[in-house]
Structures are given as structure tokens and as C-alpha cells.
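For reference, the structures are reproduced in the following blocks.
Next come two complexes, and both contain chain A; in the first it sits with chain B, in the second with chain C.
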Partner chain A sequence: MLTRYVFRRVAIGLIQLFGLVIAVFFLIRLLPADPVSRFVGLNSSEEAYAQAERNLGLDRPIMTQLGHYLGVLPGEGEGLLQGSLGTSWVTGTAVSTEIAQALPVTLELLTLAFFFALVLSVPIGMLAAIRPGGAADKGVFVYSLFAGSQPEFWWGLLFVYLFFFTWGVAPAPLGILSPLTSAPPDVTGFVLIDSLLAGRPDVFLEAAHHYMLPVATMVFILSGPIIKMVRQNMVRALGSDFVLYARCAGLPKWRVALYALRAAMAPSMTLIGILYGFMLGGAVLIESVFSLGGLGQYAIRSILAFDYPAIQGVILVITAISLLVYLALDLIHAVIDPRVTF
Partner chain B sequence: MAETVQIHEERRTDWLFWVGVTIVSLVTFLAAFGPSIAPYDPTLATGRVAVPPPGLSEWPGLFWASLSGQLDRPPHWFGTDATGFDIFSRVISAPRVDLTIALAANGLSLVLGVFLGLIAGYFRNIFTEGMMRVSDVLQSFPVFISAMILVALAGRSTVNIVIALALLYTPIYIRLTRSEVLSQRVRGYVEAARALGNPEIVVALRHVLPNSLAPALIQSSVTIGFAILLTAGLSFVGAGVRPPAPEWGLMISSGANQIILGEWWPSVFPGVAISLTVFGFAVLGNALERRYDG
Partner chain C sequence: MTAETVLRAVAPDAETRAEVLRVEGLRVTYRTEDGDVSPLTNFSLTIREHEVVGLVGDAGSGKSTAALALMGVVRPPGRIASGEVYFGGEDLLKKDEDEVRQLRGKDIGIIVQNPRGALNPMLRVGTQIGNVYRAHNQVGRGDAAARAVDMLRKVGINDPERRVAAYAHELSGGMAQRALIAMALSSNPRLLIADEPTSGLDVTIQAQFLDEMWDTVQETGSAILLITQDLGIIANYCDRVAVLHDGEIVEDKPVREFFANPEHAYSQSIMALQREVASDRTEARQSMHSEAEVTTEAHLVDIAKLTKNFPIRGSDKVVQAVQSVDLEIREGETLGLVGESGSGKTTVGRCLLRLEEPTSGAISYRGEDISGISKRDLRSFRSRMQIVFQDPFDSLNPRWTVGRVLREPLDLHTTLSRAEKVARSRELLEMVGLSPDILDRKPKGMGAGAMQRLNIARALASNPEFIVLDEPTSVLSPSAISELITLLRRLQDELGLSYLFISHDLTTVKYLCHRVAVMYLGQVVEVGTVDQIFNSPRHPYALALLSSHLFPDPAHRRVDHREPDALSGEIPSPVDLPVGCYLAGRCPHATDRCRAEPQVLERLADGRMSRCWRVSAGELEAAP
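For the complex of A and B:
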């Protein structure tokens, strides 16, 4: 039953992804950008322009370009269907290689941020739910409304000013490792994990130190919607019959609270998944403030350089990860909440 | 017990509602008159570079002196940036750019989304179902990156930013209006209007539409706030309005390199402005939502 459900979800996801790829492919070619003159310069000769256009493959009919990208043209090398995302027009490196280098940073940033955001927000949301309309609830409500509507890049800069410049407790916002530190050998791509595998706690601490401010910024922004959601679901759970029953049965308060929390977390999971997918693209600004060199910064570079294969690759990877996260959380939802079946 | 809770919630709503109204009115006022009341031309360098703002204790004295005409030129309340622009003038002129983009994008997506949502909810057929799938795909794009792509590849102009944002926000309104229409179309008044012999299109536009507008209108306040955030974010990464337009995100971005060196004022003041503005719209939207539901 479960396998069939997962299989069906993955199949639908693949179809969605494919549709998205095609849509993005045509969309960026419909827009009036001229990547060729971006590469040869505006004052180039006609021959140079034509040559560059040929090199990028933009002189061919659009359906041929699509065929080339998908890899269905005979004798033209691998395409998307063979698992290749193409080569970047700017660097000439395979897009998949570049994304594989950038992605771990973004995933590390997001995972750390979500972990701490949940650790902080769940108790606060529960606190607010104990007495709806009480003083704590009011304060928490205003806070969550505020945090949920803030320019994250500005808060990042503000944190840099306060924690780096004024108090000197954070490193400069220039990536994850200082240029003098030799990076640990690449095993998983995740610096925090690789440094431990290589037995280099100093590198681990340095990376963690550099993650401190970007993660703090993101935790602040994320705490708004998460607190609001936990509070709402918690209020609903505390008002339900099974909590009343547990109370009447004389169970200790903390036990009742745990029961209610479990019921409240199940629906929250879905929203957290949506938030995670949203932040994959939304981390762009925070990555850029702290020069983390993650997927978001790769996206900015590719878009501003009109690097079509890279843009297509980024969108594809972000959407694919979001779909996987949704699926994983739906499965977790079923584990937490026994009423959900597939 | 239940009644106390009710009263508490109402009071909370009211207090916040007025905070939202105040902020939104102020920003709207600045969008209309900001550039006219600004002491300096927001796009003209003053020649005085990176002047820090006066300390808070000097403000009353300076204010009095500038009112009584003892100064040969207006003070730089918020200092000047690395180019020599007066930051105060730029901060109060920016709503004309930011709010205009946000209002236009929201208005466009509201009209388009409500119209398509009405059609999708009222006439359910293969075309409208297909439209919903297209809108699903649009909604699954990563918003910020999609906005960047649209604006960067179409050209960094105000009009293109508006179109890009409108395109990304339309599916929200389609969805909201459609689900409201679905609940309205089975009501008695719709049947009555039909029984009177009104053609379907008249029933949809004259009777169902006005009764299905509330969720979309309430969402507007929130969307306008987020559109301001997105506009600022786009200029921050270099895919939004072009310098030297007075725009909050652009100002924060131009001060970003100096903030590591301790020059906080070029980025902090426009940031406070965005922070309060978006909060104001969020609060107003939330209060309206509560009033409508209650």
C-alpha cells in the first residue's frame, strides 16, 4: 500500500517536473533577452555575433534546441533524459557539477535554520496556546506577525553590523571557511559533516561559527509563520475531545500537553514542508548577504548572466527537492497521525 | 470564559488595526507627496559624502534651527550615503516607487485573478479545469527566483517588475475567488436570480461576483506588503529598478558594502522603512480578515 502510494507520488512528481522544465525552457526563450550580445559585447562585428550564436546553439529552431536539451537528437550527446543538465555558458562546466557544489551549503543552511526555528517556535507557540487571548498570546501574536513580514536581507545586514562590527562575536560575512583554512576532503559535500569525518573539529567549529548569523537571520524570519501555525493547531488540539478525556482521566498536565502537541504537529508538518520548499528559493537573499556560495547565489549569477542551461538546472533542482520534501513530510504525517492512511 | 476570550480578541484586533491604518496612511501620503516635501532632490548628489546622521540629542535643536531658518541648508537627518545622496529625502521619496509597483502589481493580479477565478468557479468545464492546472504550475515556481528571471530577462524596468509580480500573484486570487464562488453559487439568491430569467453571465457578474470579492480584497493588503518586500529584494540583488531611483531595496544594497566598515546609516534607515511598511500592511490585512470572519 505504502510502496504503491510512494511510487504514484514519485511518478506524478516526475511528470510535473517534466512539464515545468518545458515551461521554463520556452519561457526564458520567449523573453526579450539577448544572451548572445551579453557574451560578445554590444559593439561586436556581425561575424563574431553569428559565431557566438552558433556556439550557444541559439541559431537553431527552438524545437531543435529543446531536442538538444532533452537529448533526443541522435548523435548530439547526452541531454536531460540521460541525466545531464547541460554545460554552463559562462564557465563551460557541467551545470550538474556546479549545482552539486552549491547545493550542500543551501541545504545545510536551511536544515540548521529549520531545526533551530522549530526548537524555539514550538514551545513559544504552545505557551501562547495555553490561554488564548491572554497576555502571552497577544505578545506572541504581534511578534509572529512582525517576524513573518520582514526583509530578511536587511536583518542579515543589521546582524552583521551588530555582531561582527560592533561586538566582534561573529566572523565577517564572507563565506563559510576563511581562505586560509584548508577545506576538508569532499566526501558528502556538507562542510559540517566532512570536517567531522576528516577528524577536524577546528574546521567544524569555524564553519559553524560562519553559519551562526545567516542561520540566526533565517530562524528569526521563519519563527513568525511557524509560531503562528503551532499556536493555531495547538489551540485546536487542546479544545478537542481527546484532550478533555485525558484531563478527566486525571493525567498529569505535561502528559496532556504532549498528547496535544503530537496532534498539533501533524498538520504543521505539511506547512513546514511548503515553507522549506519556499525557502530553497527564498534563501537567495540571505546567501547573498553572507556570500555563502549556495544555490541561491548560483541562481543570481546565472540569471544576471543569461546563462540559460544553468537557470533551467536551478529551477529543476529546487522544484525536485521541494517535491521530495513534500512527499517525505506526508509520510511523516502518516506516522504521527494514525488517522491518515494512504 | 468563552466570552472573555472573545472580548480580548476584539480589543487586540482594534489596537493593531489602527497601527496598520496609521502606517499604511503615512506610506500612502509619502507616495503622493514624499518627493515634493523632501528637503533635497532624491536623485541629485549633494557633494557631501558619507555624512553620519546627527545624534538623537541634537535633533530637537536642529529641528528648531531649521524651522526658524537659522541654517543655510536643511540638515541631513539620516546622513548622506557614499554617493552623496541625502538619505532622508530618498527614504521618504521611495514609497512613490515601491508602493506604486506594489499597488499596480496587486491591482493587476486582483482584477485578472478575480475574473478568472469567477469563471473557473462558476462555469466548471474542461477549459477552466485546464486553467486551474496551469495556475497550479505557476504557483509551484519558486517565487523569488521566478521574479528575478522574468525581470532580468525582460529588462529591468518598472513595468516589467509590475508584470512579473502580477503574473506570480494572480494564481493566489484565482484560487481564493474560485473557492468562494464555489460556495456562493449553490446559495438561494443565485437560484432566485436565475429563476427570474437572468442569463448565466448576468447572474455570475451581477450577483455572484460582488458576494465573492471579500477574500480577495482582504488578501490584497497582505499581497501589497509582500510585493514591496519582493520589489526591494529584487533591487537588492541587482534585478530590480535601476539606480539612482529612490527605492528602499536599492538603498539597502548600496549601503551593504559600507556596513561592514561601520557605516550603518545608508542601509539602516531604508530598512526600518520597509520593515514598518510591510508590517503595517500585514497587520491591516490580518485585522480585516478577523473582522470579516467575526
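For the complex of A and C:
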């Protein structure tokens, strides 16, 4: 039952991805942009322009371009169906290689941020829900309004000013490893994991130190909505008949709290999934402030350069990861709540 | 049940028994934007050992608030403003939270109205029972699990080893209610608070359930506070009655005294129907019938071989909701249609008005077949046949004013001028006992009883001859029920209406109907006069239905002379029905012939019809 469900979801996801590839392919080409002159310059000769256009393949009919991108044209090398995301027009490197460098940073940043945000927000949200309108609840309300109402890059800059410049407890916002540190051999792409695999705790600590501020900034931003959501769901769960009955049955306080928490967490999973998918591309401001070189930054760079293969690759990867995250959270939801069936 | 428990239940030394619970001046307050609201103002009550105390009161009188407050629990954001609750000699409102918590679920158990909502949807039933048991007893997980199985078996759940693994949404309402009582009784409480424990259960299951609860408590020697709106339950199971009105106990008496001589105005209003009927009206109903039976031509509605199947999506099978039903309704009479949920009685009513299209069969109105006529021709019949639905809230558009609700049928079926329509609307409101001044108000805020009157006024707007009443009393409080039944009888006398009265509440059927048809799994199993069906039912199902109904008569309490359950086993699914008699699997009189032969409705010597060959053959004698 479960494997069939997962299989069906993955199959549907692949169809969605394929539809997305086609849509993005055409939508990009609808942009009022001229990538060719972006590469050869506005004052180039007509020959140079035509040459560049030919190099990029933009002189061919659009359906042929699509066929080339998908890899269905015979004798034209590998395309999407063979697992190739194409070559970046700007750097000439394979898009998949570039994404493989940028993605782990973003994933590490997001996963750490979501982990700490949840660890902090769930108890705070529960505390606020116990006495709606009480001091804790009011404090939480002010905090989430305060943290959420100002842009994240501003918080990032403020944190850099305070923790790095004024107090000096954080490293400079210049990437994950200092230029002098030799990076551990690339096994998974995730610095924190690779450094441990290579037996280099010093590199691990250095990376963790560098992640500290960006993660703190994101936790600061993310915990606002998560606290609010946990509080809302918790208030609803605490007011439900089964929690009331659990109290009437004389269950210990901690057990009643667990009953309510489980009921509150099940619907929260959905929002966390949506936030995670959104942040994959949306963490760009944090990445920029701290020069992390993540996926968001890569996406912005590609868009500004009209680097079509790179844009398509980024969208595809973000969507695929989002779909997987949604699937994982739906499965977690089903584990928490037995009423969910496949 | 032993003779000893009978004695205990009715023992006269009630005053000398030890107190289990004594409540004094309990006041519960909710803070709202419009100031403080107190559902309980001055609640005082004493419950003694072995006593079953009934607590009655209208919706909103504070019954459920009281049930919780007795354990020191209030739904947030309410609080207990004042009062004392003595349990075991100590005021539990003065104890700290942890001490009270140890009493809850151990010494005081509670069953609530909405059992499926009260069970944690995310945990297996067995785990939940185990959690409660472990909260009050020093046992391990394994012992608690074993206790859960024991308790489920004790409350009459078949196959408890399998059921402990079920989740709340996998249980039927009755099953969830039993799981809840298993939880409430797991630590042998001295007091059980049961808040409308059988609302939503079918009568045969209700009686079985209350019997089991009564037995269990008698065995363990606890006391019960039974909160209900059903006078039948009070009369049959309670030793004493307390009446809650406007947050206060206004009357508190032994049950027989209460039924004989209710003192408070509210008590009298809920007893009004019983008292009125007890005087003379039932006689009138029955005599009128025997005249009607002679003039067989005067049929208003004839239903012949009515069948309705509902297809099941994604399957070739059908739900056989109604099967070949033959009924007639005579002019000026009330035919009662009774049966448990799923028996097809509502579908018959809907097919009659062509709200559902019958699969086959004929319906004639004054001799004219209306089962096949076009929707347009149907309209002229619709003005003569009306329907009142079960839920008064859902059948009124909350955004319409009362005037607009009443004008709609007048626009459709009459050619009156605007002023005449207003006059007619006022007249209709007066007819159903509502003030004509509410024309500009919206139904919101009216009580369920008043809304149901408005629905009746709307049905009357087109001057119908015949009204289908589809469980019109099922959501009403006892006082509203008796008012509505009185109203329906008055309207019938004044306007010469005929009714098809669909209900599972046999008490109201007895007061309103001339003849009764009993349905089981889509078939009519017995039709006869009220006297025949209520005093000497012949078909085994009719007999079982009547014996499990709780009539509000404390002189014949069910707990004082228990009969063995007439039926056993599960109701067959209406998708896969047996070949022979549908009741054969549950009937104590079933033979091989019953299981092999489909049964037909046959007329007996006394004029009634019954669907049982053994009854026709005279093999099953009428109950004495």
C-alpha cells in the first residue's frame, strides 16, 4: 500500500516536472531579452552576432532547440532525458556540476535553520497556547510581528554588525571556509559531513562557526511564522474534545500535552514543507549577505546573465527537491495521524 | 441480574446511604466580550452510594457544564467562580491540581456525549485505555494492555483482542461509546457521570448499552449521574430525578414521585405530553381508526411495490434502501413509520414526494398515479403534499427573514397580492403558535422548537392535505417535543390533515399516530393499529423494537423486570441481503425454512399485516 503510494506520487511528480520543463522552456524564450547581444555586446558586427547565435543554438527553430535540450535529436549528444542539464552559456561548465557545488550549501543552511527553528518554536508556541492572551502569548505575538515585518537581509546585516563587527564573536561574512583552509575531499558535497568523513574536526568547527550567523538569521526569520502556526494548531488541539476528555480521565499533564502536541503537529507539517520549498530559492538574500555561494545566488546570477540552461536547471532542481520534501512530509503526516490513508 | 441487586436499586433507605458526592452552590462563569455568562449559577446536588440519579434539562441549561464542573474541569476559557464539591468528604475544588487529577478517571469516571470526538484520533483505543489505567495504577505497559482487552470485553465488545488496535474513526458510534465507558470504568470509579451516553444510538443498541452500564455499576457498587433529555431513560434507569433549569436545580425527587407529581413549571412542561395523553387522547385516536378501517376507499395515498436502490460508485452492487413497500395512508389519519437508522423509512418519505426518484413501483395520490408524471405536472401535487425535515436549522436559509421564508411557497403556489401574502404569513405564524411580529426577523437565535414550527408554517402555506414529517422531533428538547406533538395534533383536528410520521421515537409515535408500519432493512415487516403494534406486536422484529424502547413509565421499569434480549447478532448489510427472512440471522425463532424462503407481508385475522410465516401459521403467539 505504502510503496504503491510512494511510487504513484513519484510518477506524478515526474509528469509534473516534465510539464514544468516544457513550460519553463517556452516561457523563458518569451522574455523580451536578447541573450546573444548579452554575450557579444551591443556593438558587435553582424557576423560575430550570427556566429554567437549559432554557437548558442538560438538560430535553429524553437522545436529543434527543445529537442536538443531534451536530448531526443539523434547524434546531438546528451540532453535532459539522458540526465544532462546542459552547459552554462556563461562559464561553459556543465550546469549539473555548478548546481552540485551550490546546492549543498543551501541545503545545509536550510536544514540547520529549520532544525533549530523547530526546536525553538515548538516549545515557545506550546507555551503561548497554554494561556491564550497571557504574557507568553503576547510576547510571542510581538516577536513574530517584529521579526517578520523586516526584510531578512536587514537582520543579516544587523547581525553581522553586532556579532562580527562590534563583538567579534562571529567570523567575517565571507563564505563557509576561509581562503586559507583547504577544503576536505568532496564526497557528499556537504562541507559539514565531508569534513567529518575526512577526519578533520577543525574544518567542521570552522564551517559550523561560519554557518552560525546565517543560520541564526534564518532561525530568527523562520521562527515567527512557525511559532504562530504551532500556537494556532495547539490552541485548537487544546480546545478539542479529546484533550478535554484526557483531562477528565485524569491523565498526567505531560501526557495531555503530548496528546495535544501530536494533534497540533500533524497539520503543521504541510506549512513547514511549503516554507522549505519556498526558502530553497528564497534564501538568496541571506546567501548574498554572507557570501555563501548557494543555489539562490546561482539562480540570480543565471537570470541576470540570461543563461537559459542554468535557469532551467535551477528551476528543475528546486521543484524536484520541493516535491520530495512534500512527499516526505506527507509520509510523516501519515505516521503522526492514522486517519490519513493513501 | 440477581434479586439482591433489584432490592438495592429500589431500596427505600435512600436517605441513610453514604454520600458519594455533594455539590453546593456551584457557579461556573465564562468571560465574554459582552460580560460574564454563567451557565451554572447555583448548582447543588447530592449523590449517594448505589444511586442512579437522572439529571434533566433543556439544551443550554448547563447540564454538560455541570458534568465537567463536578470533576473540577471547565472548558476554557471558563472558570469555577464559587461553590463546593465534596467528594469523599473533602472539597475537591480546594485541592491542588495534582490531587484532583488523581481522583479524575480513578474515583470519578465520565462518559461524554460525543464519544468519537472524546477519543484521541491518533492513538489506538487500547493504548488510550491503557494510558488512563496506568495514570492511576502502578502497572507496566503489558498489564495495562491486558486490562484494556478485559475492559472492552466487559462492556460487550466482540473480539476485544482485535478491537484494542482500532482507531476512533474505525469504530461505530456505539462501539466508540463502549470504548469510552471501558476507559471510564477501568479503575472502578465510585461515581460514574454519563452525559447523554446514548445520543445517536439506535433504540435496540441503546437499551443493550444502558443495561450493560447499569449492570456494571451495580456489580462494582458505584453511583451514577445520568444526564439525559430522554424521559424514557430517566423512568427506566434512575432512582432519583434532578431538574436543571437556568443553571439551578429546581426539583429533586424520587423518580416515581416526579412522574406522578412534577412541581416546577419546567418539569410540568416536559411532562405535559405524558399527562395529557394519559387522560383521554389515546382513546380518541384508536376509536377514530376503527371507523377509518371500514371505509377502505378513502385512501389518500397508495404506495405499491415501491423500491429504491442506490448504486454504489465503482461497483455493480446496489444498496437496497427500500424494497417493494406497500402502504396506504387514509384521509385524516396519521401513519407512523418506525424503524432503526438504515431501515429505509426516510427514503420512503422522500420517494413519496418524488424528492428521490423511485427505482420502481407506483405511488398514487387520490387514485392518480404520480410516480411517472413529469416534473411540471408534479408541481400542482406538490402544493397538496408537503414535507418537514429532521433538522430545523439546515432546512431554513439563515440569511432569509421569516417573512421571506413564508412568502416563497406563497409565490410558487398562489396568486395572492403582496398584502394578502403578508396577511397569510401572519395567519400561518399564528396557526403554529408563533408571534406574527417575527416576520422581519431572521431564524438565527430562534430555538430549535420555534424553527421547527416555522418549517411547519411554511409547509402549511400552500394549504396541503398531506404532510410527510421526517423525524421532526429528533433534535428537539423534551418540552419542545411535547409542544410540537400537541401542535401537530391540533392542526390535524383543525385542518383535517393527513400525516406520514417518520420517527424512531416510539413514544411520540404512540401519541400522534393511528396506524404504525414497522420497517426493517427496507421492508415493512408489520403494519397495524397503534394498539396492535404497541400492545401486542407479533413480528419478532416489531416485538424486539418495542421491548427495547424505553417508555417514560416508572411503574414498569426495565431494570426491575429484565427480559432477555430479543435479538442477537449484527444487522446484515443492505448490499448483501440474505435470501430468506432478513431477520433470520438475529431471530430466536428462526428455522431452516426462514433462512431459505423470502417472507411476504400477509394479513392476519385481526386485520394487521405481518411478514413472518411462523406468525401467519400461528406458531408464534402474541406476547401476553
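Just so we're on the same page, the second predicted complex is superposed on the first by the 342 of 342 C-alpha atoms of A that agree within 3 Å, B and C clash if a C-alpha of one lies under 4 Å from a C-alpha of the other, contacts with A are read in each partner's own complex, and residues count from 1 in each chain.
Heads up, the rule we're going with is that contacts are C-beta pairs under 8 Å (C-beta built on N, C-alpha and C of every residue); 3 or more make two chains touch, one makes a residue touch a chain.
What you see is a predicted model, and the numbers here were worked out from it, not measured in a lab.
By the touch criterion stated above, A:339 is placed in contact with chain C alone, chain B being left untouched.
Contacts of A:8 after superposition on the shared chain: neither chain B nor chain C is touched. In the superposition on chain A, A:145 makes contact with chain B only, while chain C stays out of contact range. One of chain B and chain C touches more residues of chain A, and that partner is B. In the superposition on chain A, contact of A:31 is made with chain B only, not with chain C. Judged by the touch definition given at the top, the superposed model places A:54 against neither chain B nor chain C.
Residue contacts after overlaying the shared chain place A:306 against chain B, while chain C stays out of touching range. On chain A, the surface touched by chain B in one complex and the surface touched by chain C in the other have residues 132 in common.
In the complex of the two chains, the chain C residues touching chain A come out as 68, 71, 73, 75-77, 101-106, 110, 112, 114, 117-123, 131-132, 135-136, 167, 169, 180, 183-184.
Contact residues on chain B toward chain A in their complex (touch as defined above): 4-5, 8-9, 12, 16, 137, 140-146, 148-150, 152-155, 225-226, 229, 232-233, 236-239, 249, 252, 255-256, 259-262, 264, 267-268, 271, 274-275, 278-279, 281-283, 286. Listing the residues of chain A that touch chain C in their complex gives 132, 238-242, 244-253, 255, 259, 262-263, 266, 336-339. The part of chain A that touches chain B in the complex is made up of residues 16, 19-20, 23, 27-28, 31-33, 132-134, 138, 141-142, 145-146, 148-151, 153-155, 157-158, 160-161, 164-166, 172-173, 277-278, 280-282, 284-285, 288-289, 296, 299-300, 303-304, 306, 311, 314-315, 318-319, 322.
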